[in-house]
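Next up: the structures, one after another.
First chain A sits with chain B, and in the next complex the same chain sits with chain C.
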Partner chain A sequence: MAGTLILVFIYYVAAAAGGAAPPEMLAYIFVGSAFYMFVFQAFFGMFEVIQGDREWFQTIRYIYISPISYYAYIIGRGFTQMVVAGIGVLVVLAIGRGLLGIPIGFNLALLPFFLAVLVLGLFITIAIGVAIGGITFLTARHGGGMSEGIAGVFYVFTGVIFPLSVLPVWGQVFGQWIPLTYWFEALRRVLLERSPPQADAFLMAIPESTLLLILALSLIVVSLLSLAVFRYVEHLARKKGKIDMTTAY
Partner chain B sequence: MNREDARVSNPLVLNFRAFIGRAYPRVIGAHRELSWIFFNTLLPLLSVAAYVFVYAALGAPAAFAGFVILGGTMVAFWMNVLWSMAAQLYWEKEIGNLQLYMMAPMSRMALLGGMAVGGMVMTSTRAAATLILGVLIFQIVLVVVNPLLLAGIFLVTLVALYGMGMLFASVYLLYGREAWNISNLLQEPVFLGAGFYFPVQSFQRILGGPGRWIAIGVSLIPMTLGLDAMRQLLFPELLEWAFLPADIELYILIVLAVVFVFLARRALAYIERLAKQEGRLTQRHL
Partner chain C sequence: MKDAIRTKELTRVFGGKKRRLRPRDAPEKRVIALDRVDTQVAEGELFGLLGPNGAGKTTLIKILATLLLPTSGSATVAGYDVAKDPYPIRQRINMVSGGETSGYGLLTTRENIWMFSQFYGIPSKVAKAEIDRLLKEFELWERRDAKVRTLSTGERQKMNMVRGFVTDPDIIFLDEPTLGLDVSAARAIRQFIRGWIQENHAKTVLLTTHYMMEADELCDRIAIIDNGRILACDTPERLKGMVKREVTVKLETDRLKDPKAFDVIEGVQNYVVKEEAQTNRTSLTFILEDDAPIGDIMSEVLNQGSKVQSMEKIDPTLEEVFISLVGKGLD
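What follows is the complex of A and B.
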């Protein structure tokens, strides 16, 4: 919630300083920021799961040698993170609408679209989170900086809190290759009463059916990549004896 | 007693060695983990960049980008205070080092002091990278009004901040069964309260009377006044957004630094006494 409130204050500061800040823009920022909680929770949460088991509780060796798939175990922990984030998202949206009066709505006609988009996006987020978490097998306990940083890439380039059109051209092109850009756009289609004048024309021109298709195809690609990255770093960590290392400095 | 024994029996020499000994792994560790340079400098800059783009999307004056970059620079120190100062003694307990610290014939303040200075040096890499890259990439114009006052405010802010971290280290040890969660809790709410990405005076402007009290309350976090003062000295064109005059903020920061270091000393003495009386201080919670 605090992260979203920072953006609310930025909005009001910009408005007070003479910026172009229509209420629709606040809703645009607010919805993106609320749903970004899923992304951050998946990325940072996966890091916490692996580092917590490895460094804090030092139980990773027991989990790792148990006759289960560690990948499946991590995915399961990821879903827990999503449930926790989901509660946060609901609370933030309720506060935004109820207390702050931000124009957030829900287009009931798009309910099936919303559910499909939500599920696809969450699976994509978890798959990316698992790959990032896996990389921290190889890092010291301060590897949170990596999760934080990669989450930052998504924060900047997927139009979470500002339209892609604000970015330089190369940044816009890069953002168009990230599946979560389409996820945030699809969510806004359902939750925003009106689009702000600053909204990205490229994304607004994509029909809902195409957004769904992009997300479904992305899920397949991202899942395969995630599994490959996880297996590779796991192999490296085993080879270097880092699976259960502790870094005390 | 040979010469070396005589030197070590001198409390000043012993505590200085403890201080250096605790600072050393942080400074050296930062260079041994080369991945940190990438992950802890370049990548966090992206989150900071997002706020710069929000101001741009909202058509705010360009100087606000400088506010964000400076806030993003100081985030590194707050994160270090939370994760590597406040949570550190708890962490040492969990991995079994705390009993060694308690048994060693040194002052625990020397230990925390070494941890703080080592942390400051280690964190300066990330902070400097954020500042330099941010200024270059977003073409921030810094107008240094009073370099001496600016340096003084920066240093006093760090002393007060790490003093707070030293105090938190003892508090976490006493009450923090899950130091991890407490640090998480103090992360984003403090980014909000201390005005890392917007001027703290906006509490008053937006929320009116209650906002002023909020701004006064969050001024107990040294970063709040430190950032506000540094912004006044670097971005004079946005002076209307200042909360208090910079020199007043410096005096308050000096008081905060003294109070936090004093309280940290008292808290350490308290946990040392508990360690001897109850013998449960090093008990681990798995």
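What follows is the complex of A and C.
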């Protein structure tokens, strides 16, 4: 929430200095930043689940040797992270709309689309988060920097707080390969009353049905990749004896 | 009887970069934690692994519990290969490690154990009833609703024992379960283990310890392990029999008229006499070549018109076996 409010503050400071973008841009930033909480929570939260169970609570060995699939267990923990983030997102949106008067709406006609997009996006986020969390099996506590770093890459290249069009061409192409770029675009279709003139023309031109298709296909690909990455690093960790490693630093 | 656990040439090496990744002059930092270990534990057996710190006990347990892969060789648990088939093994095992502080501090004792029971698919109602029974058995009932962070070391270890046994595993790995516990907590845990294996004939326990008395008291068979190698494996009695030594017999009699009379008995290597003025008795400690002279000694006591008040034959201890095999004590 703090990050979102800092962005709002920056926007108002810029407006006072005479260089402000239109209010639609503030809503664009606000919605992107609010929903980014899911991404950060999933990426960093998964790291915390593994490191916490391993280093702090020292329960990972008992969970790992139980009949439950560790992949299923960590997905379950991922959903609880999403519930926590969801509460934060709702609070931020309510404050933005109610207290700050940011022009956020909800197009009721797009409710089924919104629900489908939300679910697909959350599953994609969790799948990526699980893969990143899995990699931290091989790292010590400082592996959290990797989770934050990857979350930072997503922050810059998925159009969270500015349209992809402001990036260099290579950055735009890179962003277009990340599924969450389409997720933020789809969410804004429902929640923004008007799009800012600076919005990315490439994304704006994609119909809702295609956005849904992209997200659905992305979910399949990302889930398969996530499972493959997780299984591989889990095998490596078991081979190297790092499943229940405690580093004490 | 079926094998619960079997290892063949099981080897585990830690560390050490491949030669091509290592500077030419750098020494190899490989540690051989297990070195071609062959062992067999029958279903229903309480099998002990006795060895000093760093002997390879925990490494072996980790491999058998599917936490760690072997470098070479093979291991099967309940007939399944630990490397290729971990899931059916996990349905049949559990593990308790001593000397650690595992658990979620914010949850209560009961909640912690219940959470783990759910990973095994135990119906909640059944799990709760079993948790309550075990909490009472471990005298932890009063602390059932206490947050785990407030439990003492002994209480936490008892909670972990309940967590391990609540799933009714066919094979349980107990890695130094009484490490660092006070006498009463350690005794409670040993009593429980003994009772559990007596009541459940098909269940198997693999216990690692470096307490000689614990291994001697609990285990059907013991493997003595050091530097990753099993040096001997047998029942405690037969292990002790491996140590060829004299027989020590302690006698307490009414005061003897001639305590020096035992000099002439064949097979008596040495003996010490102690007169107890207060009790008017004589204490004798004999070192004998074997059991044969015991009859002659008793006859001599009777010939002197005295009575034997007590007799104790002192057997070799596991510690002596350990020292003779490993060349050092455990501490």
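One rule holds for everything that comes next: the second predicted complex is superposed on the first by the 248 of 249 C-alpha atoms of A that agree within 3 Å, B and C clash if a C-alpha of one lies under 4 Å from a C-alpha of the other, contacts with A are read in each partner's own complex, and residues count from 1 in each chain.
Heads up, the rule we're going with is that a residue touches a chain if its C-beta (ideal position, glycine included) is under 8 Å from a C-beta of that chain, and two chains touch if they have at least 3 such contacts.
Values in this document were obtained by computation on a predicted structure and should not be read as measured data.
Contacts of A:M25 after superposition: chain B is touched, whereas chain C is not reached. Contacts of A:Y155 after superposition: chain B is touched, whereas chain C is not reached. When both complexes are overlaid on chain A, the residue A:R238 reaches chain C alone and has no touch with chain B.
Counting residues of chain A touched by each partner, chain B versus chain C, the larger count belongs to B.
In the superposition on chain A, contact is made by A:P67 with chain C only, not with chain B.
In the superposed pair of complexes, A:F106 makes contact with neither chain B nor chain C. In the superposition on chain A, contact of A:F57 is made with both chain B and chain C. In the superposed model, A:V166 makes contact with chain B only, not with chain C.
Where the contact sets of chain A with chain B and with chain C meet, they give residues 57-59. Across the interface of their complex, chain A is touched by residues 14, 62, 65-69, 87, 90-91, 93-95, 97, 100-105, 116, 119-121, 163 of chain C. Interface of chain B with chain A (complex): residues 25-26, 29, 33, 35-36, 39-40, 42-47, 49-51, 53-61, 64, 83-84, 91-92, 94-95, 97, 126, 180, 188-189, 191-192, 196-199, 202-203, 205-206, 241, 286.
Against chain C, the residues of chain A that register as touching in their complex are 57-59, 61-68, 73, 235, 238-239, 241, 243-244.
Residues 2-3, 5-7, 9-21, 25, 29, 48, 52, 55-59, 139-140, 142-146, 148-153, 155-156, 160-163, 166-167, 198, 246, 248-249 of chain A touch chain B in their complex.
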